[in-house]
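Two complexes, one shared chain (chain A), two partners (chain B, chain C).
Showing the complex of A and B:
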């Protein structure tokens, strides 16, 4: 199955995805600064308001922001149908997501019910708009069903469930609704991390890992069945946890989900070992770190299911959170940004005519040396964040500092890339 | 009759094949042709060709890839 690639005529203007990409690193920067301001309390317990504020700066401000920016770019092509009112959808999502995230973080830190309610409304509006637009495009779309198209549909379903549960939780916190909070949080987290983030990463990985890293294709048995099995497992898990309460069944389903996640991470690492070119660029390094962290998280999760003292340790969920969010999600997204952003700059300049663009190669947009420098800072930040959970006195402040530094470096690199576009464009427009 | 040049973009990571083909197109004479070998169908390239006055013809190759024949349209 051959996928249509990026199509210039169908693609939105450069500014649409770039607004999301350029805002995102500033939320990471804010998370680093918040850690410095709050001190070790920021990572003391998964239930602490400080930790919730920090987590949502990362998941909404960076992860959702970059993933939605990228999806708006490829959706017309992948779905085989244009997004209705693309400018309006992008603007609604941009305002709802950014405003909602800031209000939510404030709501957690200040324990303010009105802020939580307003955040819930804005996030429902912003993320609802993109879910609806993607849903309409995919229902109308004529794209042949491939694992990527199918995975994208499931990922948006995952996002819809995550947002609905998140809005419910924010309203419950604000108004003191009688909800089984821990169980709803568990469903919100598992749908967010696996139903949305992992599903989208896997759907995209089926295309980009072979294309950019020159690996063989994913085995068909994996690309066809991984995400349907994951969604079946997640659905059964949620129903079991909320309505039946059978501990044995829940344990089995958790085991199944852990094995699926482990399988995806291990398969990707194996493909990367088989790549036809031995050259390592920053994106590959980010993806290897990301998949390594995912495999480690899955192993730790499965270990927690088998070894009771590990499961009861309150540091386990924090370690898993650092590994899945910081180690996996941030790494693969950061790595992809180093392909997407230079590619879009290069492509939008090239599309004005062969030989007219001052850039011969995508590498002229951003050197790999700059990207690799940020990679090592990010990798050290992830290691220190794990250390901050286990030995906060030693590692917390270095972790916070490196997180801030890595975010600032990413912002600097992305701003430099857009600067290349801004400087090249006037000459091209004048010469056209 | 101009010359036919070949650019082999097979098994190069994206977007190196497109970088090479665009560089070759820059020097393409009015009668010349460019044969571009590639392991997957290059949809983004088609857009650039259409927008910039090139005609092309894509044919599946024996190795599962594609051979794209490109010339300047008159």
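Showing the complex of A and C:
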């Protein structure tokens, strides 16, 4: 006889995801300030230490931080199994991820081998803990198998590969190991952006895009095969690049990956156009921007494979980086935060008992006007960042300024949301 | 297919449709149309709750001997949704589109994450423990009149 679910009872306390959500915008803020401090050198080349520092502030400090916070929240629901010791796992990850990110950034900027080594250890610990905990929860999970559940499993596999390659790279840099650095970096980047970020976004999108906007479902052929094909492609690509070196095969695999990414972005935009809920809120605007940037990135990537001069232009990888990280990942996450955070605040106050909460709805936590204001700032920042790659003299400082402003605005909105919770709670506890 | 997963998930979709029609009316400022469509939605959703609370959940609780598990959580969320439904009813009555849309958007998120838990976890559990009684339970559920 099955033991019916203690499962979805055990959503973690509000503090677990919120610590991640509240820290994250400060890393974006730091990336904007770092751009202002470093000047155009920050975006000069994908290999510059300044650019690496900037990239990791965003990928680890913001992207990984928010995605992990959100996964710890939804895993009990989606996988049908709670995370064991959620408090302990969250704390280990929080300390490892934040400490490791700061040390890594310092290690890049100061070219300090001890800092890079310590960063590698902390990141391995923090991210290893969450990969392990999520892995256990998903293996034990009782949820009906769905593309979302499979997608989550693949995303954590992607995270594990990304972290392993990243730790290897940090150690290689610190100790001067003889590694084919460029090839390992290429594998690290492709697993991080596609095996982890895109896989998680797709897994979540299969559920939330049809659900919240009332669009048709993703075509089954896509939701069933996209991520397995992506992972097969990524694995073959990594093996080919590291061990066989066949340029033709690598080209073909890169083309396949580009088409898969393009397919996902285009399908999502198409579904959103067919949505039956006509209301256009901040979350939808962020997602449309994100998918648009993803489609553009994939098109540019495919263009680079076909047109040799484009491929050789050193600005191409930077443009792709801005589009995929700033345009796609940041937008999609930012948009989700505006659904998740107000809902959790409302829900946790409501759960104190019927008729007690002073909030009428999520809108009392954060108005759509504040969220939309930040959206326009963010969208302008992304455009200017693209400009900063192409015409640094004109666009670099405005881009840095708007990036900083958008991050500060996001931080302000999230802090205001938690403030609503803090102010309402004492009366509810006293009256209970 | 007429098991718990399919029958009850289908009913979620029907409720979603009614929800969207009422919301679309409010979004275009037609609060008279909204109020009429809202009543259809409200009737369908409250009936769905009663089918679960009076027939399906007790069946599950009896079969598993567990009244403190997932069904308790689902009942709590039903209560939260009833409160939002009441706010929407008052807003529709007062022809306040803004109030209506705020409560409706919140209900939408609550309802969808609730449905996800039922469709992904609770209904499949029901199918595995209630296979023998489902025909009888299904008839009892159909006897519950619309609100």
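Criterion: the second predicted complex is superposed on the first by the 424 of 432 C-alpha atoms of A that agree within 3 Å, B and C clash if a C-alpha of one lies under 4 Å from a C-alpha of the other, contacts with A are read in each partner's own complex, and residues count from 1 in each chain.
One rule holds for everything that comes next: a contact is a pair of C-beta atoms (placed from the backbone, for glycine too) under 8 Å apart; a residue touches a chain by one contact, two chains touch by 3 or more.
Bear in mind that the values here come from a model prediction, so they are computed numbers and not experimental data.
Once chain A of one complex is fitted onto chain A of the other, the partner contacts of A:266 are absent, as it touches neither chain B nor chain C. Contacts of A:277 after superposition: both chain B and chain C are touched.
Legend: residue contacts after superposition of the two complexes on their common chain; A:362 is shown touching both chain B and chain C. In the superposition on chain A, A:213 contacts chain B only, with no contact to chain C. Once the two complexes are laid over each other on the shared chain, residue contacts for A:33 go to neither chain B nor chain C. The wider contact with chain A, measured as residues touched, comes from C rather than the other of chain B and chain C. In the overlay built on the shared chain, the residue A:343 is in contact with chain B and with chain C. Of the two partner chains placed around the shared chain by superposition, neither chain B nor chain C is touched by A:408. Across the superposed pair, chain B and chain C both touch chain A at residues 2, 4-9, 77, 211-212, 214, 276-277, 343, 346-347, 350-351, 354-355, 360-362. By the touch criterion given at the top, residues 2, 4-9, 77, 211-214, 276-277, 343, 346-347, 350-351, 353-355, 360-362 of chain A touch chain B in their complex. By the touch criterion stated above, chain A contacts chain C in their complex at residues 1-2, 4-9, 77-78, 80, 142-144, 146, 207, 211-212, 214, 276-279, 281, 339, 343, 346-347, 350-351, 354-355, 360-364.
Chain B makes touch with chain A in their complex at residues 11-16, 18-19, 22-23, 25-27, 40-44, 47-48, 51-52. If you check the complex, the residues on chain C that touch chain A are 5, 16, 20, 23-24, 27, 60, 64, 66, 69-70, 72-73, 76, 79-80, 83-84, 87, 99, 101-103, 105-106, 108-110, 112-113, 116-117, 119-122, 124-125, 128-129.
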